[in-house]
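Some structures to go through are shown next.
In the two assemblies presented below, chain A is common to both, partnered first by chain B and then by chain C.
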Partner chain A sequence: MSRAIYWISLVLSMLFLALPLLLVLPLAFNESSFLTYPMEGFTLDWFKIAFTQPPWMPAFLNSLKVAFGAAVVAVVIGGLAAMGTMLSGRFGQIILSGLFISPIVIPSVVLGVAFTYAFGRAGFGGGYISLVLAHAILGAPLVFLSVMTSLKGLDPELERAAASMGASRAYRFRTVTLPLAAPGFMTGALFAFVTSFDEVVVALFLAAPQSTTLPIALFSGLRDRLEPTIIAVALMLSLLSLMFLLVLNWLQQRSRYKTRGK
Partner chain B sequence: MRNANGNRLATVMLLVMPLMIYLLFYLYPLLTVASQSVDNSTLYEQFQTLSEVVEEGSPDERAAALVADLVAADRRDLAEAARNLNQERSGFRSLLINSGKKAEEIPPTMEGLIAFDKRWGQQVYWDILARNIAPITWRHFQKASGFKPDGDGGFVQAEGDDIYLRIMVRTIVIATQVTLLTLLVGYPLAYAAANGKPRLATIVFMVVLLSFWTSILVRTSAWVVLLQTHGLLNNLLISLRIISEPLQLIFNRFGTVVAMTHVLLPFAILPIFNVMRTIPVSQSDASRSLGAGGVETFLRVYFPQTLRGVAVGGGTVFILALGFYITPALTGGPSDQMLSYYIADFVKKSLNWGMASVLSVMLFGCVVLILGLGSGAWLLFKSRKGGH
Partner chain C sequence: MSSLEIKNIDKFYGATQALFDVSLNIEMGEFVTLLGPSGSGKTTLLKILAGFEPVSSGTILMNGRDISLLSPEKRNFGLVFQGYALFPHMTVHENIAYPLKVRRVAKDEIDERVTAILDLVQLGKFAGRYPAELSGGQQQRVALARALVFKPDLLLLDEPMSALDKKLRVDLQEELRDIHRTLGTTFINVTHDQEEAMHMSDRIAVMNHGRIAQFDTAFNLYRHPDTRFVADFVGKSNILDGEVVQEGDTAMFRAKGVAVPLPEAPTMLEAELMIRPEDGTVEVEAANDGRIYLPGKVLSSTYSGDRALYSLAMDMGENFIVYGSARSGIHGDGARVLMGFAPGDCTLLRKLNG
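Moving on, here comes the complex of A and B:
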């Protein structure tokens, strides 16, 4: 009996999780502009439209630019914050960690309102700078967490060994700790990049028409009219996510290999 | 000793920049939201002369101060102030703007004001002014909660004024529904990923991770295609002759809850999975060998140990669901929009920062409350465990 309950619930849950995308994404190749089965023939036209007609390509490039900038800033803030927090005392660690992680739990609409008002008054206006800064704040906690994890996982013996051979603190940090924690930085950068690349709510508040990002284009497309082009874009985005996941997997394996030695 | 000092200096050096950036571009913006929710500087600056005499001055002093403020007023600021005051009593806008236009011709006495417009003779307008020209206002909070002072120190709620409280309740109800559903659907998946045969476990885990990494918009758009009137699900049901007319599956509560559940599912699964992974299989084996059946073993030995993961997963989903905007906007109807929608609406449509800030503070308060309850429960749990 218990096995039956387990299998039925597992199959149903699995279908619920996987089926929507598996069913819908192939419609990007459907010749008909109606998003339904049976498919009327195979075509790549919707992809061609996505690549040639506005708003998709410019929005994609904007998204890349913003996500790249946000990831760089997030790695600098989050990485420095993690290293500084690691070196502070027990009490300081709790307070600083709480502060640096906190943007994660604040609803993005609240952050959107806050950024729009404060950046507007400071005169940044809508556009790249405010978008990059806002997304960097959203990404910094992820960099912080992943760098903290990899710094905590390091074997303290390694640093002690370097110290015993006369390496100064700064030299040890630069030549032993940092290279070992590098996968943590890379993972964090990836998280920050993807967070910015997929972010809609804050972007809806801050983006000016010329800095429209891909998620905003998708959102307004979905609100306006559901076309197969949107599904084609969604399919490409899903493939991009798959790629990110593979890179992440590779990074994590590398970091495991490094910290365990050999 | 030298080492400790070096340590401290390095720590400070490393932390200066991140702390500065957080302060300027994160904490400061959040604080402005908090202050905007009670800010009344537009009205306060407008009626600065009046605010000094409005409580204790004689009628003529008040009239003179009001006329002086009106003469000095900028047209646009006055229109803004009039709009705010009109929310307290309709007709105030025209009264203020008309008086403002002719302010230079009005003699600065109470008689002169009443001669210009009789309404200035009614005490109620002066009371409204007195209430609304302080540097801080609770006007937005009163509007959001629907409770207004009744003049005797108590509060009354007028019929139909509870719209934002009802939206708040709706937000919490939807978040609760979504949380329960994600736990129900997520638990078997976490179980399979943690305890299934290696191949099955890997496949389930990969699907969960892939779903986690796929953009919320992509997953929401899949649900739109599935659920719309001539979407995949309706067409399937019609071709199977289960129904003859398409069902309304989207732009209502059903569509909102189903799509949100799907989008938030990985956030429930991953914490449960992490806890399940640490529970040794030998425990269940021991329970079985002592004669307990499969269901009993699960309910009495396994399930209680996973509750920590269920709490973390459920809490995460609940907090994220409270602030949801995109998915309800694309799959819900007008009566399924959550607090976030109205916050965005106040900013985009009317630039009403006061109301947007008050609703933001309310939403943020909910999140902090849940986090507080969660960490409280966690501390209690830990101290109990230590006491054994």
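Moving on, here comes the complex of A and C:
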């Protein structure tokens, strides 16, 4: 009985999550330029178009650049924030955590408006820098959370042990705390990267034509000329995400293995 | 001769007091154990010695120098944690090399010293492994090696054996003693296992409710405990509550149904008398040999080959535990017997107020 429930709920939830994707993905190989079934033969042309014709490749590269920059800035900001928060008292921790996490809870439309206005006033609206900074602010809380989690998971006795062996605070931090929290930084960086990579709302507010990102290109593609290239791009993006997921999983596995044995 | 002097330490955690006027003088090279029930303040005292907790009042003198305000990294004390606290991202070699790297020892010398200490704890083959790849006993020895490799002035151990099984614990106790003899470092060990304390220590500080109840050798703690608490905590004992009265020339201890002559007149009036289980015998009839015989009956017995441990219900109302000879059979449950003991084998305990 419970096995039946297990399988039914598993299949249903998989269908719910994956069905829309599975229904639409085969159309990337459809010879017809209309997004309709039944399919009319097999082709890889749409992939070729995605790789050769604008806006796809430039938008993809833009997205990579923005996501990479955003991830780096987010790791610095979120990581420092987490480390500082860890060092403050109980009450301070509550307040600081709330502040650093707040970008997640604020609706992105509101943030988009705020960024547009602020960056425009500061004189660098519409460029890479504004996108990178905005996405970094969206990604920093994710880095903050994952670094906090891994710092909190550290056995406080390790630091004490290092102290008893004569290590100064800075040396302890560099040789014990930081290496052990590294998986947290990596996870956070990946999350920040992925978040930036498929962020639409804020990018819509901030992107100029020359800094259009892939999600925006997809979005406008849907509106302007609905063709299977979009599906081809979506398919490749899904594969990329899957890869990220695997890397993430592997990172977590590894950190768990190392700190086993307790 | 250098030494560690702990003088009148009080420790408060907020409003609760964890240590009351703790004083200990520890000689260089001694193996001292802090023994006491859970919550008696052992870890607190160890943390204070290590520098992780400040004292509320009192001083700690190391070779005459006050170290009570020194931070942990400046004390040069080795520390073995209950959970070992090995660095999971470093190999055994890197773990042990850590304190030497901190002290900027040259690489060749680091390798030399790590190898030597690994040999001492018999882990030479494991230098390249990560802590997660070691058994509990091996991890414990790495922790010990790491705490000793930089030649600390003092080694502090917080229940180093508590996570290990009985057999391994006994082996490691032996090993720890040997290492202590070889190196001559002062060891301060924390445990609530009285057997472990008695096997390993030169002296034992018995703690109770944040106070030092008695600081003495294992022999003296067992044979001459100051108080009922120590008598109960260190080994098994039978304790009678009574009073001291002067009868003619001799002082007598009197409790309900018993009178025991005392070798010398004590100063106290209210007292307790301790009889260890091995100081009594279980007999069928009394002999006229100056010993005291108290009637009772057998409640139960545990046979262990060389002897039997009897639990007796005495006619005077107390329950006693006494070892009896088991060479010619064991008294069955319910059998009427006499428990015999010599007055000279009893120990008079000081009665604390309350």
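Some points to look at:
Convention: the second predicted complex is superposed on the first by the 246 of 262 C-alpha atoms of A that agree within 3 Å, B and C clash if a C-alpha of one lies under 4 Å from a C-alpha of the other, contacts with A are read in each partner's own complex, and residues count from 1 in each chain.
Assume a contact is a pair of C-beta atoms (placed from the backbone, for glycine too) under 8 Å apart; a residue touches a chain by one contact, two chains touch by 3 or more.
No experiment lies behind these values; they were computed from the predicted model shown.
Superposition of the two structures on chain A leaves chain B and chain C fitting side by side, clash-free.
Of the two partner chains placed by superposition, only chain C is touched by A:Leu180; chain B is not. Legend: residue contacts after superposition of the two complexes on their common chain; A:Leu251 is shown touching neither chain B nor chain C. For the combined arrangement built by superposing the two complexes, chain A sits at the apex of an angle of 110 degrees to chain B and chain C, based on C-alpha centres and given in steps of 10. Legend: residue contacts after superposition of the two complexes on their common chain; A:Ser88 is shown touching chain B, with no touch to chain C.
With both structures placed on the common chain, the touch criterion links A:Ala162 to chain C but leaves chain B unconnected. Contacts of A:Leu145 after superposition: neither chain B nor chain C is touched. Taking chain B and chain C in turn and counting the residues of chain A each one touches, the greater count comes from B. Once chain A of one complex is fitted onto chain A of the other, the partner contacts of A:Ala59 are absent, as it touches neither chain B nor chain C. Closest C-alpha contact of chain B with chain C, superposed model: 7 Å.
Touching chain B in their complex are the following residues of chain A: 1-3, 5-6, 9-10, 12-14, 16-18, 20-21, 23-25, 27, 34-37, 76-78, 80-81, 83-85, 87-88, 92, 96, 99-100, 103, 105-119, 121, 133-134, 136-137, 140, 169, 194, 197-198, 200-201, 204-205, 215, 218-219, 222-223, 226, 230-231, 234, 237-238, 241-242, 244-245.
Interface of chain C with chain A (complex): residues 50-52, 71-79, 81, 83, 85-89, 98-99, 102-103, 130-134, 139, 146-147, 150. Residues of chain A that touch chain C in their complex: 155, 157-158, 160-168, 171, 175-176, 179-180, 257-262. Across the complex, chain B meets chain A through its residues 3, 6-7, 10-15, 17-19, 21-22, 25-26, 28-30, 32-33, 36, 185-189, 191-192, 204, 207-211, 213-226, 228, 230-232, 235, 262, 265, 293-295, 298, 319, 322-323, 325-326, 329-330, 340, 343-344, 347, 353, 356-357, 360, 363-364, 367, 371.
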